[in-house]
Amino acid sequence: MFIKKLMMVLLIASTGQTAEKLKIGLVLDKGGKEDKSFNSAAYQGASLAEKELGIELKYVEATDVNSIENLHRQFAKKKFDLVIGIGFAQQDAVKKVAAQNPDTKFVIVDGEVTAPNVRSLMFEEHQGSFLVGYLAAMKSKTKKVGYIGGMDIPLIRRFAVGYEAGVKHFDKSFTVLENYIGITADSWNNPAKAKELALNQFQQGADIIFVAAGASNSGVFDAAEEKKKLAIGVDSNQNWMKPGFILTSMLKRVDQGVFATIKDLKDSKFTPGIVRYGLKDKGIDYAMDKHNEKLVSADDVKKLEKIKAEIIEGKIKVPDFYLMKKK
Amino acid sequence: MEINSHPEIEFSNVGKRFGSVWANRDISFSINRNTIHAIIGENGAGKSTIMKILFGIYSADAGTIKVNTKEVRFSSPIDAMKYKIGMVHQHFMLSPAHTALENVLLVDPKQSPFEPYFKNDKIEKIKATAQLYKFDIPWDTPVKDLGVGTQQKIEILKLLCLDNQILIFDEPTAVLTPHEIDELLTQLHELKNQGKTVILITHKLKEVKRIADTITIFRKGQLVGTYPASELDEKEMASKMVGKPISFEKRSFEKFKDQSVLLNLENVKFIEGSKEFLFNFKLHRGEILGIAGIEGHGQEKLIPFILNSKQFNYSGKITILDTDAQSLGPYGARELSIGVFPEDRLRLGVLPELKAFQNFILGYQRKPKWFSKGILNWTKIKTLTQSTFDKFKVEPNNINLDFNAFSGGNQQKIVVARELFHDPEIIIAAHPTRGVDIGAIELIHEQLILAQEKGKGVLLISSELDELLKLSDRVLVIRNGKIMREQLRADFSEKEIGRCMLGVVQ
Amino acid sequence: MKSFFGFLFGLFCALMIVLFAGENPLHILEILVRSSFGSKYDFGLTLFYMTSLIFTGLSVSVAFKSGLFNIGAEGQLNFSAISMVVFATTYPGITFPSSLLLILLVGILSGAIWGAIPGLLKAYRGSHEVIVTMMLNFVSAGISSYFISHQLQNPDSQNPESAVIVDAFRTNSFDFLNKLLPESPVNIFFIFAILMAITMYFFFTKSALGFEMIAVGENPSAAERASISSKKFIVLSLVLSGVLASGAGMNEVIGYSGQYKIGFSPEFGFMGIAVALMSNNHPLGIIANAFIMSVFHKGASDLDIETETITKDFSKIIQAMVLFGVGLQYYLNKYGVTISWFKKRKNLNQSGSV
């Protein structure tokens, strides 16, 4: 009896309270919100919205590829107003579930879905990678820099291609070492392997490594500290993680995109279609803060800003792996 | 001696029940200090159960036990050890990778986890104890490299180092060779001389006769009686154990007329490991050919060799039932009507965790009797198993029990029944009565004699000289992989064979 | 059935832990039931997981029966899945009935090959099957990754996945089970999985081959004496194991998605080990335990959505508790301890003192 009553009270409490609030569901990728990188950024954006916009946020982490669709369905069934899918892997699920739940709005980050109730957030990672590549080349003494990707997938190759172009733009004679942690989703969560690869690249003479590997990044930072070399973080601002050893972080402002979308919905300005974030709108950027101001001088920043402007104006064409593949 | 005025251990009306079956019922007897007290009975008679109650492995369901007039109730062996009672189990509790000395050092219950194991005074004490009881132990050899007899000594020494007064031995001679048995019996005497009380669980009457002071006999969970050893001879003991007179008569050795050869090994020579084996003998129809030898001298190698000679790189010629073994496929010999009682029943003969009726077809699973088109006819198998169980008087008479659940004697009966079921022409019986009680021994011997009378050939490998002498037409003695001597029935001499086994005579 | 009390006990413990986390156990139970039976989609997804778990559970159990520990079911199902996709994309022109037969054959053969490698190495070179199967898991992951990122990448997707294979190779056009539970991934392979479990049951209880396989597992030296070649059966059972694991690959590729997605298996191969152990390798028990595992696997994400504290990691604790309960029951059964045993013992102690 008591338990039943308790349940009823709970149910009433939970439904009553949220009658007016927007309900936002966030489906994170396997890496989880503690990856201090891609998923973290998405979660930060959403929780900022929770604080500032007064929405109700519920986030979940996928257990496997087939569970993603299930999670989107559950959110839709529970009449959430907006369901956000983080990561390319959720594209198909969003496509399918959105078609069946026209009243629910969906957002897919890093994927493209064309439907009247879906907004796709795309980021021009190659542009940012080009910039940090240019910076790495400026700072390198050995004329050799490294790149470590997480899972070997097109998105991560896109980082690599942009980065290499940035390096070569500075000086064609530079060498770029390129390694990937693995081929399974574990790659996002394997700092030990990341460290091993980083140590190996340092051994081969690289002195700066750009890493795009989710929660595995910390392994590369450790290696940089150990060998007194430099690393470049990704997605979130990771400069604080090993101050003095992280040259900069290539920012992919998923938090901004997520926050802006929730705000649009709140202000009834939600529009479907593809929204691209790039250098122009600061959706893609590089991080400067107190942790790396000693590493990157004002002079360097000036040079970078010049390159940035040239990319925005279209004077520099950054190669895009996605487009290369289609050819 | 004041202390001898009362019995050291006194059982009164002790009972133990497993489910609805009483394994022991109403057991009352006493054991005196400083004696060798034998507890005998067939397998399943309850002799081990009562000792396990005394040692605290089981707890009694009824009755009381007194140790030195004090009533005790042990709930674990640790309690029993406090009363200075120790037990040497049939399967040794030794760590094979550690040396003999380490094994003894390891058992000290007062050892604190922070103290080093190797302390000179301890080691000296152990060595002194060993000397006192005349144990000769290679201290620094890992136990796995030691013989069974030496392992047993280490096991006994462990108990002695704990200052145990009462020592229980569970079938200690089952695993030993005749020579080792001699040594053990001498040692037991030595223990008695040093003031210990020795309790010996066994069914080997000869040994009992040799060393026991007092004998307590069990049958079917109940006590038959306690007797001074001098009052009973072997025959009387056996009858009391089984509950009916036992015939110790030997088979008749009228010559079987057919002299055709069933199995012929002609100058067969092969090398395995660093050992060389050389066999040259014939097995005739209607003959029991005994193979004597100390274990590990090559007689067991004969079995896999005869069954699967192609796996060995041998010279010479082996003919089985007029077929050259070279012309057989792999496992081909098995198809030629050979029954085998394996030398190590549990390891080589059965699937211990499967049911009895499943074990009944192992090795014969593709016989057309119950096999057609890939499918086994379990109904038929069960019926046939049941009828064999009845014939061989297997106890408990339940074919659905796991093989493990049967006592050693009954396990062997099942194996024997299986191997004889298909009426093989050649029977290789390796240690057919090892770990088997008197009733079953009699039955197994009868079966072997019956086969012989029907004109089959039996190759009997045994380390029990009595058994060989009782059954064989001829005895071959094997030593170091070679046949040392052939003795015909007429000139059998136990002494000769024994010395030949030990290599004393050439 | 024997493990049913253990299951209840484990579930009870799990729910008690949930109570400590501040959730209402009844609510959790309700979510679990709703998440597996709540809608046609939910039920279908549960059965879809169950299908793969039956296949991998059987795969692991067959190896166990002959005394081998196959931790390579994951690699076997993976290799079989990628082989089928490679085959179907290489020969897209094959027409319907033969196309389906051929792709099934490819799936079975590839599973068999991936089982035969550790089998042959174990039988003739003495390599330990655990090491070999584990390494082959990585090898097959590497092979599929190579094909996906360099040969078969779906041009319409950034996902690491192959393009969808032609319908002729798939069962969806005539899949009546999927029609019953539309939208969900469950498919005709569920029925195959059940049939396979029943077949394995009869294989082990009725056939001489099954008996011989068990004999090798129980006691290889005795089997050898009984003219049963343990080498032959080591190879045979691992081949069979691989073939059974390939069923999980077919469930995904032929039955459901028609493509190879990297990460399509949430380690079905390893979950299969738990299923086999929970069932004590009994093929019919595997059906029941595969169902329990899939309910919890499916429920994990729903619990994450519906509660505050039960995250997907917390669900693992609940799963582990249930596993533990079933394992405990098995242990007690093995040593003849049942509830009635406790009762009898009590009675005995009372009567014994008289």
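Which chain is which? They are A, B and C, in the order written, and residues in each are numbered from 1.
Simple rule for what comes next: a residue touches a chain if its C-beta (ideal position, glycine included) is under 8 Å from a C-beta of that chain, and two chains touch if they have at least 3 such contacts.
For clarity, every value in this text was computed on a predicted model and none was experimentally measured.
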{"item": "Maximum inter-chain contact count - chain pair", "value": "A-C"}
{"item": "Innermost chain, where centres are averages of C-alpha coordinates", "value": "C"}
{"item": "Distance from the mean Cα position of subunit B to that of subunit A, given in whole angstrom", "value": "73"}
{"item": "Centroid distance [mean C-alpha coordinates] between subunit C and subunit B, Å", "value": "45"}
{"item": "Geometric centre distance via CA averages, subunit C-subunit A, whole Å", "value": "34"}
{"item": "Touching two or more other chains - residue numbers and ranges from subunit A", "value": "none"}
{"item": "Subunit B to subunit C touching residues, read off their complex", "value": "15, 17, 19, 60-62, 304, 307, 330-331, 334-335, 340, 342, 347-354, 358, 361-366, 371, 374-376, 378"}
{"item": "Interfacial residue positions of subunit A with respect to subunit C in the complex", "value": "3, 6-7, 10, 25, 30, 58, 60-67, 70-71, 73-75, 77-78, 88-89, 91-92, 100, 110-111, 151-155, 183-185, 322, 325-326"}
{"item": "Subunit C to subunit A touching residues, read off their complex", "value": "24, 26-27, 39, 41-42, 45, 48-49, 141-142, 144-145, 149, 153, 155, 157-160, 183, 185, 261-266, 297-298, 300-302, 304-306, 311-312"}
{"item": "Subunit B-facing residues of subunit C, complex", "value": "205-209, 211-212, 214-215, 218-219, 221-223, 225-227, 229, 344, 348-349, 351-354"}
